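Structure below; questions to follow.
First chain written, first letter: the chains are A, B, C, D, E, F and G, and each begins at residue 1.
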Amino acid sequence: MKIHPLADRIVVKVLEAEEVTKGGIVLPDTAKEKPQEAEVVAVGKGRVSDEGKVIAPEVKVGDKVLFGKYSGTEIKIDAEDYLILKEDDILAIVK
Amino acid sequence: MKIHPLADRIVVKVLEAEEVTKGGIVLPDTAKEKPQEAEVVAVGKGRVSDEGKVIAPEVKVGDKVLFGKYSGTEIKIDAEDYLILKEDDILAIVK
Amino acid sequence: MKIHPLADRIVVKVLEAEEVTKGGIVLPDTAKEKPQEAEVVAVGKGRVSDEGKVIAPEVKVGDKVLFGKYSGTEIKIDAEDYLILKEDDILAIVK
Amino acid sequence: MKIHPLADRIVVKVLEAEEVTKGGIVLPDTAKEKPQEAEVVAVGKGRVSDEGKVIAPEVKVGDKVLFGKYSGTEIKIDAEDYLILKEDDILAIVK
Amino acid sequence: MKIHPLADRIVVKVLEAEEVTKGGIVLPDTAKEKPQEAEVVAVGKGRVSDEGKVIAPEVKVGDKVLFGKYSGTEIKIDAEDYLILKEDDILAIVK
Amino acid sequence: MKIHPLADRIVVKVLEAEEVTKGGIVLPDTAKEKPQEAEVVAVGKGRVSDEGKVIAPEVKVGDKVLFGKYSGTEIKIDAEDYLILKEDDILAIVK
Amino acid sequence: MKIHPLADRIVVKVLEAEEVTKGGIVLPDTAKEKPQEAEVVAVGKGRVSDEGKVIAPEVKVGDKVLFGKYSGTEIKIDAEDYLILKEDDILAIVK
């Protein structure tokens, strides 16, 4: 991995729908704003508050997460697609 | 349960209208923005303030809660529907 | 009473116009945004500030209050109508 | 007086134009947003800051004040008209 | 002077264009939002911060100031026109 | 110089395009929002934070600065044109 | 280098698409808001918080960074094009 997201940004690899089903999570197809499952591949050090405190993100590399479908910015690294999200776009960790 | 909501997010199971009536709560059908009853199934650790303080949510797993009808994001876990809400979408605990 | 409002939310029972008149308060019928009188039936513990301080509401159960007419969310408990307000929707305590 | 405004709200009795002239203050009739003169009849304890500090209002009962004409909410107490303002709607104390 | 502006409000007497020219300041007539010159006649004690600190205004009674032309609220005191500004509407002190 | 900008305001003298070229900086003519070069002639003491702290501006009198073209308010002092900017309108110091 | 960006501003040299490919990063051509790669050439000292704390940027001169395509302001220094960004426009450091 060659990318270090800044502040409270998180880089994720979106998981294919097939893998999602294997993990036991099925996302509803009628919801307008469907969350998607992804694996965290890089985590920023966290936002820096006005007091100079670094607020570390709750997610870690390797976590499976749900995030809002239209969140983030697409990038390609070594020919693979990734998304850069803000931590706040991530709804939950799935275990 | 396999889902850990982040920050001040709460996962709930929406209760059917029938169960609601049994609990003695009847929601008005004329109100435009009707609250719904649900049971809390997972609670985030709480939002982290600028001082680095974690503000724990007031609700706990098992609480029956009222929330604004169009709040949250629908997900399916093991073929059952759930909602991910922000704690601020929850109006009250019903006992 | 079976409802515990969260944070700075307040549950009130709206008082009928007749009762209002008996209390000596007459609300003007020309004002566009007329305040209404209500009795407080449940009070949240208060909002939690960024420092983790709980800011307790000024109103108490039993207080008669004035609030902006179109504020809040209607609910029914045991076949009676109530409103869930934010404390900031309450203008004054009437004694 | 039977009304206790909440937080930084102020109850005032609007002074008639005639009284205003006697006090030496004449408000311009060409200005679009004309301030009006009023007497303070009740004062909230003040807003509560995030640190839990109560910020007491600068105005006191009996003060003559200028406020923006279309500010506030009209109420009637014992058949007299009053206004509930936010302290920030009050521009100045007139002495 | 009979007026005490609240918080960070400032009462000024607008200076006529003629006086302005004498002071060596000529305001451009092509600018859309032209600043005007005025003399400060009353100063609020300053805004009160969330920590309860009073932030005293930088301007003093007698200061000549430039302010944005359409700022403030017009009032008349003893038949003379004044403006009530927020301190933030004042751009600079002219000496 | 007879002008003392308030808070975080900065008075600048816009430099003619010819001078800019001499300094080695050429501004692109295709950009929609082109920055301009100017010399700082007066600096406010800085904004006052909620804690009562004065945050002194980074720029000093005599600095050459780049700022967003349509920022600020034009004034004339002793027949010369100046601009009053907020410090945040200034992008960089050029040396 | 003759430019010192203020506060949390960052000056970058945009890298040509050819160089980007060499570094192993390929940006997707279907994304609406494509990030671009650039090299940091100057870094502001950081934003100053309300407490007077300087929050130093995470990026350093020489870092390769990804940023949102339409961010920032174009400038020319010694006939070369640069961009002035806010640190928050920078998504990640690429190594």
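Definition applied: a contact is a pair of C-beta atoms (placed from the backbone, for glycine too) under 8 Å apart; a residue touches a chain by one contact, two chains touch by 3 or more.
Model, not experiment: these values are computed from the prediction.
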item	value
Number of hops, subunit B to subunit D, where each hop joins two touching chains	2
Rounded Å distance, subunit A centre to subunit F centre (Cα mean)	41
Whole-Å separation of chain centres (CA-atom averages), subunit E against subunit F	23
Subunit A and subunit E, separation of their C-alpha mean positions in angstrom	51
Touching two or more other chains - residue numbers and ranges from subunit E	50-51
Overall pattern in which the protein chains touch one another (line/ring/star/complete/other)	ring
Chain order around the ring, beginning at subunit C and proceeding next to subunit D	C, D, E, F, G, A, B
Contacting residues of subunit A [partner subunit B, same complex]	24-28, 31, 33-35, 49-51, 53, 55, 58-59, 66, 68, 87-88, 90-95
Subunit B - residues contacting subunit A, complex	2-7, 9, 11, 42, 45, 48, 50-52, 73-79, 81, 84
